[in-house]
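Each of the two complexes below includes chain A, the first together with chain B, the second together with chain C.
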Partner chain A sequence: MDIIESKTWIEWVITIAKFAFCFVPVLYILLLIPMERRGAGFMQDRQGPNRSYIKIPYFGKIRLFGYVQNMCDGTKLFFKEQFAPSGVNKILFRVAPAIPFAIVFLSPCVIPWFGPMVFEWGGQTVRIAGSIVDSDVGVLLLFGFSSLSAFGAVLAGWASKSKYSFLGALRTSAMTISYEVCLGLSLMGLLLLVGSFNLTDIVYWQEHHVWGIVAQPVAFFCFLIASIAETGRAPFDVAEGEPELVAGYHTEYGAMQFGLFYMGEYSHICINSFLIATLFLGGYSVPFVTTETMQAHMGGSLAVLCGILAFLGLAFLHMIYRYSRKLKATTLSNRFEILREYSLYKIVAWVAVAVFVILGVAAWFFYNPANFVVNGVAVGSLATAIGTALIHLLVLVVKSVFFCWVWIWVRWTLPRFRYDHVMHLGWKIILNIALINLVVTAVIAKLVGGN
Partner chain B sequence: MRVIRQRPMNWVERLYIFECLRGLFTTIKHAARGLFRYETLPTISYPEGQPEIRNTYRAKHRLMLRPDGTPRCVACGMCAAACPAHCIFIEATQSDDPRIEKRVMRFDIDHLTCVFCGLCVEACPVDALRMDTKKISFMHRNREDFVAHLDDLVEWDPKDYPDDEQSQVAPGGTKNAEARKVWGMEVK
Partner chain C sequence: MLALIYFIILAVIALGAAVCVFLSRHPLYGALSLVTSMVALAGIYGLVGSPFLGVIQIMVYAGAIMMLVTFVIMVLNGARDSKTPMFDKVSLFVLPAVLLLAGVVGFAFVRAPLAFDATALRGSVSLTSETLFNMAQGGPGYFLLFEVLGLLLLSAMVAAVLLAKKRLGTVESENTEESH
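Showing the complex of A and B:
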């Protein structure tokens, strides 16, 4: 009871509320699937799925720029019959798809979503870590979790009693394990500079020195390639190479069991993007601004944030107005229906822009909370801490969305590697580059830093 | 035999990473086009938007009309003979006009069998049959409705063919009056 009583109730509330971050990768699936499908369409000069709609009585059809398609696909997968071929290992066949998806809820625990919240509450200074588990072995824990997802592929391939699944599982396991090595080794240079496995410390170091991508550009490239390979996406998706192996380890799966593999893959992408953003792109830290500066000018920071959001709203409005004008000039028979839908978006976007502008102006003029420094850390009120956390979270989300886009971008650009080329790249090239990078970093760090 | 020898890759290309970046630049250009210039994408959202069809496109048939509104067809049977799919069925009968020997009584084109080769149009000696209606979608409830009969084939509007002089000769066209004068003077 000692631990519980030593904390104030607000600490408990925030600590428990942080568990909501476990669901971030699942939410990212909702973002990634439309991004992938429309993005792939655009890259191939197609339109992508845009036909499904929800019919609103007395209004018309709502297409949400093709977003409805994903709801339809999800619903279809969810209500389909779950089918297992004869001869499969029943238990393992059922368990296997759940493994990659279950890990999704574990991995976000160690990622710092915002800087440590430090604020004054009830006469004492409260400090709450930005991650759900502020572990000193954060990076290792994350690697451990993400390599567990190979179990799903291996079990699925073995339990399916299908030669395609089996070969796919063999390939996946071999590739995941070899690229785990590269993943870990390429990171070592950065860990050497930071001197900690704790992800919060890594972000703190980047915030006060330089971003990891500047300090370790070679490691960044190795890490990016290895993590793309580890998620088993193109150009490294030899495990699912359809000319050879039908669909790899999930050949025999359908309905939501396939859906779980699918969602697991996307969540894995999400986790890896968060990891790259945290390790090499300064995580939650705002570029060129330290957290202390931000907290000292909280009202201004919030105003800038609202300004950016308002600008994005205006950019969206510009695109909508522009396309409405073009659409009006066409002879599409449903153009007035679409324009009616767009008028709804225009109203929503204008309201959002107005709200952001009002909030920004209000924050700029009327929100200037007092801060004081305790042991070199700015301590403000709860509101300042939450505002900081919000900005941090948004910055991290923007960085990770960019890397999610990189995943999709690479997938629809590069052709698939042959299996032996993948192994050659992993063991003979990236591993060696990572090792050389580690040695050079160690020597330079010893000469310059002297520690 | 012509052997195409590939140029050996130079060392920059063999590094692969720079070629990857070039490819990535290409795809991001296309993605930006889709995002910011959506209307320039070549896709036509079909049932709502119709593709632009040239009048030389071989679409559904029509029978050209004389100034008095009778089909120009003289029921010679050349089109039926030329048809590789045997989808044209013609029955002739005595013409009311003393200058013309036969007129067509039944003219059926089975669009389920038709291969839209256009040989019937080429074969017609009096330029009675054309395929420039630009109607490309055939939608009916049962198989019998896919057979176009004579009344269906002559049912077209000269206003849809403003640039074609031969079509303007038909009733309702801009040149019908004078053509009728020429045509009618010789009859009576």
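Showing the complex of A and C:
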């Protein structure tokens, strides 16, 4: 078929491989849940859950800093009986948890994970977009999906036939609609400056002008608050407020059906962090370095990247050695057991540091792929393109992890709002600030840019 | 070819869901069918080269307006309507009218020369903005009409608020307001 012949095989391989990014939000759940638990412990000056362990020979009980606890919880959720109270609406009760979780797989398709890969292949220039769907309407598609995902909570509340669930569902639907308006309007100023809905274009603009957070600081905070409200997390978790509603819309759910809601919530956080990082923090672009400079010194860039990773490994080692020293000074009965466990981490971290150093040095000396300029566009080999994509991806992940931490930080810092306060904040404060921001931006853009 | 396969899948979903809107007794099921139909329709919009329209369909209709509709159905306890008969005297007029309309539209579509090119963009963002804001020579410049339409919607909203206010102004509701 001609649709297959329209691209070379390497383009097809990369295009299909990009679909793997659909699983990023699900992988982020594995990162976010330990981060949330240990983060909460850190905020409240306690340890957090870190007692579960895996027993392996020689090193003894391996706890992985509380990570094993999450494996245990996941296993428990998977193998629990799926239970539905009598009187529920059977079909909708089972369908509802799947909706937010299904949307999770669709949402990552418009986020640009790396800059457009432009390289020379078989005598012609190939260009592959960084997002799975390089659409004109990128951001809007994402908003559309996130507004659909609220149906899960609404249907769950209705199908449960329980007053608590029902009230939670009503609150969710009201809050989602309110904050979606704020979310869209606060973004409009930035879109006005960029002149495109396409997320790749937005990142390109930020790379060549200034980051969104500098150009639109007010919009950034409006957007952050609105997207925290959109995910329904504290301080906006009125939909599941325990003091009033038991657990809100998922009161009647247990086992993996509850797990799907839980995972949907965390994936929503992941998507929103990626969105904020893309819109306001320059997305995949490396601060102070343009993609062109990076591609011209590919080996050096990779060496710096490896150096940073090696430094992080050394910082981890420093932490471990300090813990060990403190532990040796105490008289805890299990201190030798813990020291034995730490020795495994030391070995792994030293190996990682060594590998990164070797990789960095090798990249510095041996990885200098040739670059050409065709029609004013830098065109490198496939190797350059993949190296750039790797750096871009890691930069984006670092930015988004920072925003994931902001979510946890806010949750464990602020108390829950009352329902009327949430509505007041949404409709009377954030919406108006966003509108004024839009008008001011439009006037300034007209006066300065003249477009 | 591929576009045709997609179109058939989406059209079957859209039409099936639209039929479900009529056949479902409970208003919430009707609303859900309508959401499904709208999402499938958005897919068709995207398929014929109007991704912008499709996304707006999902955001505004499927996401926001249908969410409000489900909200209202849940608040008003629509389960009472489950016992409403599917056909009554009004159906005698409605059904022939619908069939007649379907026949006329179908006839028009069959007779019209449908030259369809799936690759052409008909409703991209830039095209839409040009249609709206191009006030230069020969440009349509529809945005004034668009604003007037917004005014119409605003007046409808004001009227709705006034009607609701009238009901709020009755003796019982005033008493409850005082007791707060």
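By our rule, the second predicted complex is superposed on the first by the 448 of 451 C-alpha atoms of A that agree within 3 Å, B and C clash if a C-alpha of one lies under 4 Å from a C-alpha of the other, contacts with A are read in each partner's own complex, and residues count from 1 in each chain.
By our rule, contacts are C-beta pairs under 8 Å (C-beta built on N, C-alpha and C of every residue); 3 or more make two chains touch, one makes a residue touch a chain.
Keep in mind the model is a prediction, meaning the values are calculated, not measured.
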{"item": "Touching partner for A:Thr75 - first (chain B), second (chain C), both, neither", "value": "neither"}
{"item": "Which superposed partner A:Thr8 touches (first chain B, second chain C, both, neither)", "value": "neither"}
{"item": "Contacts of A:Asn368 with chain B and chain C, given as first, second, both or neither", "value": "neither"}
{"item": "Partner chain in contact with A:Leu140 - chain B first, chain C second, else both or neither", "value": "second"}
{"item": "First (chain B), second (chain C), both or neither touched by A:Ser173", "value": "second"}
{"item": "Touched partner set for A:Val154, first chain B, second chain C, both or neither", "value": "second"}
{"item": "Partner chain(s) touched by A:Phe197 [first = chain B, second = chain C, both, neither]", "value": "second"}
{"item": "On chain A, the residue positions that both chain B and chain C contact, one per complex", "value": "none"}
{"item": "Residues on chain A engaged by chain B in the complex (per definition of touch)", "value": "38-39, 41-48, 50-51, 221, 319, 323, 326-327, 330-335, 409-410, 412-414"}
{"item": "Chain A-facing residues of chain C, complex", "value": "2, 28, 32, 35, 39, 51-52, 55-56, 58-59, 62-64, 67-68, 70-71, 74-75, 124-126"}
{"item": "Complex contact set, residues of chain A against chain C", "value": "3, 135-137, 140-141, 143-145, 147-148, 150-151, 154-155, 158, 166, 169-170, 173-174, 176-177, 180, 196-197"}
{"item": "Chain B residues within the chain A interface of the complex", "value": "17, 20, 23-24, 26-28, 30-36, 38-39, 41-43, 45, 47-50"}
